[in-house]
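To start, the structure under review is shown below, and the notes come after it.
Each chain gets a letter, A, B and C, in the order it is written, and its residues are counted from 1.
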């Protein structure tokens, strides 16, 4: 187990190093001088030189990279071209909004996908099964922002039950947070639910045909025990991975949904940084998201090894 | 005789709905097994031998339609509610399946899997069931059972896993043990050990055993009665000495001839040419006719031979029963 | 030897086509795709109005006989814009998946065939690209290169390259151990020839499936990019951009939200239906990489 964890840690470390290189090179790909581009009409020589020096752009490339890496390791991701504030704090400020949206959405998705996926596998060919398949095909094909617009049209426009957009912090006013999070979370959650439903269904079907399920039935166990103890326990192991991948990519900020609902998370920050050509903020957001993504995947692999006793000996 | 039978099956049929139409997996079979006795069901794969047992005990796949009568311990099993049937499985019938590598749940400890039937049927507490699991693992010859009880299936060899499966099947001291090709997936030495183990447990516990196999060598060693199945029907059945000593059906004769004979230096393996008919399209007459070395006349092709006695307990389904000297004759 | 491999690839194509013919859902999907291609090619001739015919007197009119999909905030005909925008979506989808296919398959072939350090380096690079959520990486690339049709295609192509590399490599690893590949090696065929003649045809099935499903996701990604204003630039019409521009009016003018989105949905659905049918026939046990991968970003 320890060896497995160490090996995965090393792998993730190497990939993370690669991620920093990609993020660093993003700035080099900007045609022309990124600082000049960013300043645009607000150009004045003094600010220009200060920003260039602060971003280390007057150094050779290799020096720049190792400098970037060294500072990134100490939590220094540079300063915003626009506000001059440290990128790290700008990005971290946005994390709670994204986190609360992502977790609500995944919770919502699981509430739909678990019963639907399990039922449709256990009653294969039934009405529930067909409904589940139509639902999952719908979910993977529909653009989430379109569903969001339709949601606004219905719940904010026609019915007037929910605000069309905006954000209130959970810590500030839970009730108003809930009314604001409902539409974006349901939008993201429905898409996620359709992916999970399909995956849970196929995972369940695979386990249901296993010999050990027949063994459990041969022991005369109740259906509930067979399903809970023997089927679900095995079927949900791969599902854990997919759920985590979904959470991780939602943590990356659901850019389009955050823009549509004016939700001030990482995704919205990325969008604003792109509009403002605030490259250090863009870099910081992308780096943080990728690092989170790797971290979640690492945790999942370790969790997976705990859930499946066969992994550690392999 | 059927009064004393632990499990008796009468006119059992199993029809499985497939995309290409109904498949007749079992086409009307009768057999029974008494306490302390071993019945061997013999046949090629697809002959319906496993399916007849699974259907009789309510474990047939969902797509299967089962008709006929099954009496388990004197009660009408087919007429019982699904819940009552479930309560009898595990409690009165234990199962050992073919592949010990896949018939154990990989994420539960073997102790847990041995214990759960006792918790379900005997109302044992978790602690008592665990103690019982250690006893059972010890009974089936797993060394240092008290430690191994917390190990996972992947930490056992194939033979040891099959012992675990046997311990599981015996958890509630069932009246009947169903062994569905329990040695096929094991190497030869382990096969002999498992056969020996089951025979020994049967002597000590007085359990009835239905042993499903295509290995005639095993049958001769352990079975009291044997039923030879082909394309969903029984072609010959009776006491093992009678059936093996004086096989009356050309198919039984061919099977016995196809058996690798270690005494003959394990020479050429004789096989029966051709393949069994598809269960989607069973012929009107004798299903073995296309492959039969005797191939009597047009009657074989168009008319199903009845199962008729050749001696008091020895029955055969053919128009041309073989004589002891191996020649075909006409009655 | 080569007959065998050629036979197999023809077999998978033939099976693919017959699968499409016999599956009503796939047939519907194919019909939608054909319609889409016709509209994509001839959209500007078929459209009843010019895409940029501004007419402020007729702005925000609900659907009517003259304007079946209504008009937008500048009085432009929504139907005409939806029709003409089909070309952009198809173009971005095809070109970006083409890029991903060519680059990904090449990398995957070399990695799987030569193994060793090359495999390690290439696949670690793919891992790095995999560490970014799909849309975030595409947005970052477009942000750096500057928004537009070409950069959107490049960005989406880069994002979907690792999937093709992984699928290809997995296929190559199993094929290269088979007898006919070893035989080809033993008679001294060159590596490139073996890859082209023996390996590639035998991994065609999963690649066909992957291509079809990736087209669906690429079109979704293009819509998302253009929703963010990073795709084809105005005044050229794009479905995603139409939704973005109309989002402020939807509560008053529902047609601005409904029709462009429905066009995206139907297009993506059609590709998914065809892709699923192909997978059922060609590659039933393929990992659902795509589904796990499709981030809502």
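One rule holds for everything that comes next: contacts are C-beta pairs under 8 Å (C-beta built on N, C-alpha and C of every residue); 3 or more make two chains touch, one makes a residue touch a chain.
Quick caveat: nothing in here was measured; it's all calculated off a predicted structure.
Asks: Measuring between Cα centroids, which chain is at the maximum distance from subunit A?
Replies: B
Asks: Report which interface contains more C-beta contacts, comparing A-C against A-B.
Replies: If we tally the contacting C-beta pairs, A-C comes out ahead.
Asks: If you average the Cα atoms of subunit A and of subunit B to get two centres, how far apart are those centres in Å?
Replies: Here subunit A and subunit B have centroids separated by 53 Å.
Asks: At what distance in angstrom does the C-alpha mean of subunit C lie from that of subunit A?
Replies: 22
Asks: Which subunit C residues reach two or more other chains?
Replies: none
Asks: Would you tell me which residues of subunit A are touching subunit B in their complex?
Replies: 210-212, 214-222, 225, 229-230, 233-234, 237, 307-310, 313
Asks: For the complex, which residues does subunit A have touching subunit C?
Replies: So the residues of subunit A in touch with subunit C come to 14-16, 18-19, 21-22, 26-27, 29-31, 137-138, 140-146, 149-150, 152-153, 156-157, 164, 188, 191-192, 195, 198-199, 202, 241-242, 245-246, 248-250, 252-257, 259-260, 267, 270-271, 273-275, 277, 279, 282, 286, 289-290, 293-294.
Asks: Touching residues of subunit B toward subunit A in the complex: what are they?
Replies: The contact residues of subunit B facing subunit A are 57, 59, 86-91, 93-95, 97, 99, 102-108, 116-117, 120-121, 152, 154-155, 165, 168, 171.
Asks: Inside the complex, what are the residues of subunit C that reach subunit A?
Replies: 124-125, 127-129, 131-137, 139-146, 216, 220, 223-224, 227-230, 240, 243, 246-247, 250-251, 254, 257-258, 260-262, 264-265, 268-269, 272-273, 276, 288, 291-297
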